[in-house]
Structure formats: C-alpha cells, structure tokens
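Let me begin by presenting the structure, written as structure tokens, before commenting on it.
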Amino acid sequence: MFFASDNAGPAHPKVMEALVKANEGYAMGYGADPIMDAVRAQVREVFEAREAAVYLIINGTAANSVLLATMSKPWQTIFCSDCAHIHEDECNAPEFYSGAKLTLVPATDGKMTADDLRAKITGEENRGVHGPQRGPLSITQVTEKGTIYTLEEIAALTATAQEFGMKSHLDGARFANALTALDCSAAEMTWKVGVDTVSLGGTKNGALGVEACVIFDPDIAWEFELRRKRGGHLLSKHRYLSAQMQAYLADGLWLDMAQAANARCAQLAAGLRAHNGVTMLFEPQANIIFFEMPRREHKRMLDAGAVYYVMNGDPETGDADENLTGRLVCDWSMTAEGVDQFLTLLRG
Amino acid sequence: MFFASDNAGPAHPKVMEALVKANEGYAMGYGADPIMDAVRAQVREVFEAREAAVYLIINGTAANSVLLATMSKPWQTIFCSDCAHIHEDECNAPEFYSGAKLTLVPATDGKMTADDLRAKITGEENRGVHGPQRGPLSITQVTEKGTIYTLEEIAALTATAQEFGMKSHLDGARFANALTALDCSAAEMTWKVGVDTVSLGGTKNGALGVEACVIFDPDIAWEFELRRKRGGHLLSKHRYLSAQMQAYLADGLWLDMAQAANARCAQLAAGLRAHNGVTMLFEPQANIIFFEMPRREHKRMLDAGAVYYVMNGDPETGDADENLTGRLVCDWSMTAEGVDQFLTLLRG
Amino acid sequence: MFFASDNAGPAHPKVMEALVKANEGYAMGYGADPIMDAVRAQVREVFEAREAAVYLIINGTAANSVLLATMSKPWQTIFCSDCAHIHEDECNAPEFYSGAKLTLVPATDGKMTADDLRAKITGEENRGVHGPQRGPLSITQVTEKGTIYTLEEIAALTATAQEFGMKSHLDGARFANALTALDCSAAEMTWKVGVDTVSLGGTKNGALGVEACVIFDPDIAWEFELRRKRGGHLLSKHRYLSAQMQAYLADGLWLDMAQAANARCAQLAAGLRAHNGVTMLFEPQANIIFFEMPRREHKRMLDAGAVYYVMNGDPETGDADENLTGRLVCDWSMTAEGVDQFLTLLRG
Amino acid sequence: MFFASDNAGPAHPKVMEALVKANEGYAMGYGADPIMDAVRAQVREVFEAREAAVYLIINGTAANSVLLATMSKPWQTIFCSDCAHIHEDECNAPEFYSGAKLTLVPATDGKMTADDLRAKITGEENRGVHGPQRGPLSITQVTEKGTIYTLEEIAALTATAQEFGMKSHLDGARFANALTALDCSAAEMTWKVGVDTVSLGGTKNGALGVEACVIFDPDIAWEFELRRKRGGHLLSKHRYLSAQMQAYLADGLWLDMAQAANARCAQLAAGLRAHNGVTMLFEPQANIIFFEMPRREHKRMLDAGAVYYVMNGDPETGDADENLTGRLVCDWSMTAEGVDQFLTLLRG
C-alpha cells in the first residue's frame, strides 16, 4: 500500500538488466559511449525529429533547470503555473541556472489557460528596460495536480507564447503517463503543438534516475552541453545513463509502465469515489489522485499501513471530522492487488 | 590496453550486485532510504569522525563545487594548484556554485608547497574591500599529475591556511589510491592533518557514479543540503547512490581496488622506465603516469590498439622524433596481462 | 505641469551648493572622506541608532538589492508586495544580487496585510529542502500606489516575519514623504516597529542621486561592504555622495521637501476629486496619485502640455469614453501655481 | 603633496559648472535626457564611429564589469594581465556580472605580449566541454604600472584574440592619459587596432564620477542596457552623468587635463631619477610612478606631509635601509609647485 510517490518504487527489471549488461569492458565517458548513439536515434524516432539534440541527465530538477537556462536570459522571466515543480520543489534551481525569475500563472487544477497566460504576459508590458523581459513558457504535463492538458490546450498556450516571441518548454517528468492517457504520439504532444524543448522523464516511471533533454532546435545544443557541464551534470561513466534510457524506450516499455500506473490509478479513483466521505479534488487523469477525507479516516488508513502524504494538516492531531487532503500516487510497479488492499481497508 | 581514464572501466561486480539488490520494493527518496543510514555510519567509521555530516552526489565536479560553495563566499578566492581539476576541467562549475574566484598556486609536479601557498595568500594582502577576500584552500590528493602529498605536506598546507583563517578542502577523486599508497588511515590523511571537508571519490575507482561529501564540522551541513538541492544534485531514488557507496566501502573493497590499480601502474612504470626513449615526467605514485616519448612511438602504440591520451600534439602529424607527452591511467580492472601486453608492444 | 516622476525634477539648490563646496582639494576615496563621518553621525541621530551601520549608494535599485542580498541566502525567497519596485521595476536586480527569489503578497492598494503575508509564508510550508526557504520581508513605504502603512501595520508585518525567524527591510525610496505624512520619527517608523534595514531615499526627494543604506545590526555591515564593492557600487570619489546626503539631512531639508511635495499632491488630489469624471484609485497619502479619467480628457491634458504617465492604454487611440489610469507625481520643486495650472486646464 | 590617487582630487570647475547648469527644470530620466543625446554625438565624433552605442555609468568597476559581461558567457574565461584592475581591485565584480573566470597573462611591466597571450589561449586548448571556453580579451591602457601599449602592441594583442574568435575590450580608466601620451586619435587607439568595446574613464581625470561605455558593434547594445539596469547601474537622474561627460569632452578639456597630469608626472619622474637612492621600477609613461627607495626616506617624506602609497611594507617599522616601493599618482589638478615641493623635500 505504498502510494507516497512514483519515485519510491523500484526500477523495472529490464532497466536493471540493461545496466548490468552495460557494465562490461571499457567505454568512453561523458556521452561518447556507443549506447548513447543508440539512445539518440531512439529518442529522435520516438519524437519523429531527426535533427533533435538529445542529452541525458540524472533528474528532473536538473533537466528543467539546464533546459530553461539554455532557453532564457538572466534578465527575463519564465512563465509557469503557480503550482509548477520548478516553482515549488526545486529550491530555486531554475533561477540559479538561468538567472531569470518566474512569473506564476494561476492554475487551480494545475493547468494554465491561454487567457491567463496572456494576462500575465501583457500584465508586465511596457516597462522597457526596467521590468523583467519575457522569457520562455514552461508547461508541466502531467500537471502537479494529476490533470492533463489536451493537445489543443498545449497548442493554445504555445501559440500565445509565440505571439510574444517566447519559446516553450515542456516539463515531462510524467511524460509517458500523459502520452498514454492522451493516446497520441510524442511528436503530437510536443513540437507539433509548438513545444521547443522537453524534459522527458524516466525516473518516476521505472528508471533508476535518468531524464532525456530533447531540443528540437539544435542551434542551442552546444550551449546546453556547456551549461550541463558547468552544473556538474555531465556524467563521466555516462553509459549507465544511456543504458537506462535505452531499455526504458525499447519495445514500448516506458508506455507499458505508464499505462499500468494509470490503470491502477483509475482503479483506485473508482474505489475512492464509491466511498462515502471522500471527495476528489481534481479529475485524476494520469497516476496521481488528490482527495479529501476526514482526519479520522486518514489516521485509520495510515495506522493500518497505508503510505501516502496528507497535505494540509497533521492526521494525528486535530478535529477528527475535519477534511484533510491526501495524495495518492501509483507507480508502474503498483499491483491491482495493492490497490484492492487499500480500498478494502478503506471500506473498513 | 585501455589506459585512457579510470572513468572508462566497468563498475566492480560487487557494486553492481548491491545495486541490483537495492532494487527491491519501496524506499523513501531523497536520502531517507535506510541504506543511507548504513553508509553514513560506514563513512564515519572510516574517518573516525562520529559527528561528520555525510552526503552522496553523482560525480566529482558536483562534489567539489557544492562543498567549496558551502565553504566560501562569492567575494572570496579559493586557493588551488594551477593544474587542479576544479580549475581546468569543470567548466567554471566551482565558480558557478560558489561565486568565488580561484587563485592558482604553482605546482609543477601537481603539488603546491606551503611556501608557494603563503606567497599567493600574502600576495593579495592589504587591498581591503577592493580585492577578493581569502576563501578556502583546495588540495587534490592524488594530484592531477599522479603524485601524492605526504601527510606532512598536507599538514603544512592546511596549517598555512589556518594561519589566515582559511578552511581546507580535499578533492579526493582518487582518495583510495592515495590512502593505499601512503598506507595510512582516512582520518590521518584528512582531519588529523587539518582537512575540513573531503570529496571522497567512488566513480574513478569501481563505482558507477557516486562520491561522498564528508564535512567534519556539521554546522555547515544544512547549507550543503540546500546547495545540493539547488544545484539539482539531490537524487529522488537516492538508494541507488547509497547502495553503490555501501558496497564500495564494505570489507575494504575500495582499498583493494585502489591497490590493484596502483600495482598495475607500478608495473607499467617499471616497464616504461626500462624502455629506451621514454622519460617519466613525474614520479607516478598512484595510478597515473605522464611520460615523454617520440611521436613515432606514440603513433605505433596507438595504431596497434593501445588507448591513451597524447597531450601536447597530434601523434599522427609532425616531426617523428619530437617528444610528446602521453598519459596512462590504470583503473581497478586493469590486469597484469593487460599491462604486459602494452609493454611487450612497446618493446616492439 | 510636469507630474511624470519625482526623479525628473532638479536637485535642491542647497544640495547642489554642498556638492560644489565639497569639490575642494583632496579627499580620500571609497567612503573614507571626512564628510562621510558627518553623514554617519547624522543618520544615526536621525534614527536614534548609535550602532547603526550607514552606507551610501547611488540609487534605490542598488540600495534595495545590496541590502536584500546581505539579508538573504540564494536558496531563500524574499516576501514583498505584488507591485513592489523590487519585483516590477528593477529588471531582476534583487534576484541577481541575492540569488533568492521573490514571493508576491497581494496588495491591491499597495499595502500587504499581516494576514496575507502569513498566508504566503505558511503556504510554502513543510517542503523541507525542496522548497525555497524563508528569507526576509521587504516593505515599501510609501507604497507604489501612493499609500502609507501606519506604524501599527508595519509592526504587524514585521512581527509576523519575526515569528518565522525572518528579518525585515524597508524600501524607503520615499521615506521622507511617509515620515512627514505620519508625523512620526524615523526610529518610530523603523526599528521601533521591527524594521532591520532601511533604504533611505534621497534621489526622488531633491538629491542628484544618493540613498543611505541603514543597517541596525552592525554584524552584517562588512558583508554589505563587500557586496556593494562586488556590485560596482562603491564610489571612488565618494565625497560627492556624502555631500549630497549631508545637505539633504541638514536642518530638516529632507522633511521640508517631502512636506512640500505631499502638500502639492494634496492640493492636486482635492482638485481632481472635485472634477466630474475623475475617480481616485487609491487614497493619495504622500506625493503620488492614481486616478481614472476618460481617454478624451487625458488626451486633452497631454496635448495641452501636461506631462504624466497614462498606464493602461494609449491616450491617442481608442474609445474616447474609455477610462484610463493616470499617474501624477509631485516632487519637492512642484509649485502651487503649477498644480493650479494643471487643475485650471482640467476644468477646461 | 597629494600623490595617493587620481581619484582623490577635485572635479574640474568646468565639469562642476556643467552639473550646476544641468540642474534646471525637469528632464526625463534613465538616459532620455537631452544632454545624453549630445554626449552620444560627442563620443561618436571622438571615436569617429557613427554607429557606436554609448552609455554612461558611475565608475570603472561597473563599466568594465557590465561591458565584459555583455561580451562573454558564463562558461568562458576572460584573458587579462595578471595585474589588471579587473583581477585585483574589483572584488570579483567582473566574475559576478559575467559568470566567467579570468585567465591571467603575465605582465611584468603591466603589459601583456601577444606571445604570452597566445601561450595562455592555447595552453587551455582541446578540453572540449570540460575546460572554460575562450572569452574576450581585456587590455588595460594606461596599465596598472603606468606604462602604455603602443598602437602596434594593441594591434598584435587584438589580432591574436581575433585569430581565436575572441573580442577585445579596452579598460580605459586612464584613456585620456594614454591618448595624449601616444598623440594619436581615439579611433586609432581602439577600433582601428581591433578593440571592440571601451571603458572610457572620466572619474580619474577630472569628473566627479562618470565613465562612458563605448560599443562599436551596436548588436549587443540592448543586452548592455539590460545588464546595466539589472546591476542597478541605470541612473534615474541620468542628466547628472550626461552633464559631466559633456563638459569633460567639450573643447578637449579631457585631453588638457590628461596632458597636465602626464606633464606633472614627467616632472616628478625627472626629479626622482636625479635623486640618489631612488630606482624607477617601470618607465612612467602617463601619470603614475612606481619607484623604490629606502624605508627611512619614505618615512621622512610621509612624516613631512607627502601623501602616497607604500606598497610592500610598513614605512614605520623595519630595517631603515630596506627598499620599499612607493606609488605616486598625479591628477589633473596637481601643480608644478606641488611637484617641486615634493622634490625639494626629497632632496632634503
């Protein structure tokens, strides 16, 4: 009953096997390993983007920060949702790497609208050299609230950005979960709807720790490489990153894992909705659920061994009837039995 | 005959086994995994430092940069040798993380002397607010030239630093190689001779990618954690770092590997010295050799499949008699047969 | 009829005379001039703070940025109003100097409430190393909207900050205008209500270009000096800053000028209120007025030679009846006749 | 007998008059004042560069730092002499603004040679993404040692830089002193010999505090403006900078002042050379002299009221016969009588 995070589960055995297999003999370091050549080809094929620059990096904070720094200038502001990971959970890393600041677009259910984005962009208008200049847009897909932008919504956001000369980044820490939910191609969810760069997550979906940074405009690739190195994010024994990503993408493993996680989440959501006293906060479209339930119920579940975060209050102390928000995340390794166990327990 | 770098060899099977074993079930992320508790205890025992703060990070550039940033202020200068990795090979990462600059102390054979250090420290004297202020000292052990500071030499450097209120960092990317060469304890090579923080390398000595940052004064530990996170260097699935370090330190594996690498290097050095036309540039005290040899000889070796770096000229083009510098590095996995093969080839 | 900004007017003749007088003979540079000793004593007397560290700097952006950087860490967030100068008009300078980010507290009339501040502080709670850490609070007095915090309101804000271990900065670009409006002492408006550092403006109130940075806790003074120098803000011929501030503070000149500006603003506000079709947007408590008026009226005024900013639309183009926001600022040199001329013109 | 620094003397009366005259009525801020239009035209005429971008800033540290930041990237290294002001006397400001590091070229008499520059550039070759990348060259004219590059020497340096794709900056804190000594035009000393940007000093030569930043390639002008603002270096009451520079350049005042300073320096040097026990350290070609003299002689002069810096030892304490280095600087206001007084005193 472990629903705390999708970064707490194990790596997929095939990923681990690939790592073991890669550990043979000598290989040139720093991305010059032959596996990386294969990974580059795989990613380009997945994105139908033959010119794309492809780099690997250890985690999402680094992927986002180095990409956004490459896309922006220190006197600019990066537009993102007010609950974006880059704003709330990266301890100023994007600002550290880029020098830019963040402008927060309201996003109650995790999703910005093009209108709200436009309002924020034009709200800063006409200050000339005095105000921060307009930098890139960063879209999180799956959002932090477990919701998913439609392709039309992404297109509307990036079109708004383009209107003001701004590029668009997609924080895809849960890219595969969105892709499988939308049942579209990687190209359709990115450059075909105006996305310029992607942080393609592996870590939360069955890898040990690897993300691909995909840059559709190779002109900025060399700057990315220098920024990655300067941030201490170029690995010497790079083959261990390459091997993870190779196995992750091979034979659709990444999509299978995301589909499994989403399916478990749907099963869980259905059970929760059927339960008296539970309110869903957002439509769970991928592998994350936010729900409200009285404190006493949270306490009962946690005491019985369920593991998940209660966000806005101590489940141990306070009014037993008060509603608290819980977050449940399913990773690829969650089983239908695990979900059933949780739901059975919930029904008491 | 792969002597290009000690980051091009495989990880030790025991390290890989530990990784596979760690990949079971759920584990809290971001360093809260139980293996990290064991690693912390191991490192403290190795260093005989019960209060030391211990953190893991993916590579040496990150370890050095986050440690030095934690020890310095952006208006200071960090003293290091003029061939230090932090100066030459980290693409400004230490400056990026710290904001400080570097003051280069001459070090022909890779080793600074206390006198040269003092000259550089006092050479910047008396400028008050105008000049960079004195920041920490960074000592590389094993040096970039393959030489090793004696304990007395380290003590003299850190004492000089202390005299001016400066702390000392030890870049121990090849810490184990030095330790086994000096046949002393980790405590003797660090805090007992005045070292305040250590980058304890694993990557170059049989791990996939992990370094321990050891901070003897726990007062600055929280700042280190924030800087690590802000640099994108806190791993979510941290157990995979922990598992590597745990296996690396267990049962003296790290020392065994370093000893093997050093022994192969000694074997190689003996063979080189016996060869007509070869000049050793520095005393190879660990696992790195710099030597001069005519271009034609380099070309012959490389053509025959030896892999190593030629530093100051193209081995393919130019005067066949001109001496060029080669660098040979032995990692833990190099065999006596591999060295013999090289030497046999050299003898022609 | 120049109401565009209080930085567009001349310096007061007494300030200019002091500058001319200071231009005699030799004086040690970088703040070691004897006039600075006098200024330090003046500022300490004005603030009834005998230990305060006092520094001069050329403008408000620099004063705010260097002070806030000295009070914060690069992994923190600085709390300020959503219309603060440090957020909107300094092109990321506070972020550049500090490395920190800004958290915006809603402030419709320019003033944050302690409740809103608390909500923002606790809204970021419990993310440990992942989220930005709590940095200082920055209060703007007079606010960007021309309103003024009461002493009680400042005390409530700083008390809230203190509760969370946060220090408080006061951006006093129009400090004198607030002081004279509140009819209180500088001590009462600052450290007696919990303010730790002050940017004391001179530039907008009759100086050529000088602000005093006042630090009540001298422990951080040396860091301020280094940060000022590192930002290129330590003037060699510092006496010209000192002379301005000396004349500015002498014999209450600064308060006289602020009083004059505020009085002209009150006269102007009274006239505007009496005019049909004008709506005041905020209560003008110092020397700034925001008002709404139909586009046709703005156009008429501007065409007739009035100089001021129209904020949210082009006065030349668009629906003649549409209300647009105008901003009028009175500086010390504005005359009653100048105001009358504007009002007469307005009445048509 | 004040020879401590050329930033300790007064501003020229004509500069002060211009300042007083500029203090009339209203003027738009932030560089939109009409005087700045005149200054721009003056500077362009002086440099025979009709397209040059021209900006004013308060001091040399800021001028150098903002220019170099605009010319470089944070993963680069800036080449300069090992005694450059940007290295020794700006408390890391150039690194702060640019993110780049500095590579020091040896310069015993203050002047780099093209050969030494080339050796430093190529000494960092072939590290790819690992090493700092090549950034701009910064040349100091007059050098910190009081020597002057010939036009040929500058041309050789910038040609070497260009060969490696590097731009060249000229730190002209004492630009006028060099110009008048070389008896050439501003164009001949800058873009005609390959210089891309210039910090044109006013502060050390009769202004209160103003430098012009001259950028021959206007493509980077907007970035300069943003960086200046972000550094807090865009003055609101900008007319007071403009007025200084206007008067400074008008009717050759700047050259007259530099000529006077250089002439007094020549007079002083001749007297020193004639004095037994004095050794000149460098050829004083502008307005700065470094000389050696026994401690007892320094002490005698200082006790008698001469003001100058003794660089490498306490004149009060130590062996009376030991030679110590003194630095004498003549500013525009130094009189022949003042120099005579010093020399008479020296002769005893």
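A, B, C and D are the chain letters, set down in written order, and residue numbers restart from 1 in every chain.
The rule is short, and it goes like this: contacts are C-beta pairs under 8 Å (C-beta built on N, C-alpha and C of every residue); 3 or more make two chains touch, one makes a residue touch a chain.
Treat the numbers as computed from the prediction; the structure is a model and nothing was measured.
Interface comparison, B-D versus A-B: the higher count of C-beta contacts falls to A-B. Chain centres computed from CA atoms place D at the largest separation from chain A. Each chain gets one centre point, the mean of its Cα atoms, and the points for chain A and chain D are 51 Å apart.
Averaged Cα coordinates give chain A a centre that lies 34 Å from the centre of chain B. One inter-chain figure worth recording: chain B and chain D are separated by 41 Å, centre to centre, where each centre is the mean of the chain's CA atoms.
The set of chain B residues that touch two or more partner chains comprises 74-75, 90-92, 96, 129-130, 133, 226, 229-230, 234. If touching chains are joined by edges, the resulting network of the protein chains shown connects every chain directly with every other.
Within the complex formed with chain C, the residues of chain D that make contact are 2, 4-5, 7-11, 16, 19-20, 23-29, 58-62, 65-66, 90-93, 96-97, 203-204, 208-209, 226, 229-237, 240, 307.
The part of chain B that touches chain D in the complex is made up of residues 74-77, 88-92, 95-96, 99-102, 104, 124, 127, 129-133. On the chain A side of its complex with chain D, the touching residues are 30, 73-75, 129-130, 133, 223, 225-227, 229-230, 234.
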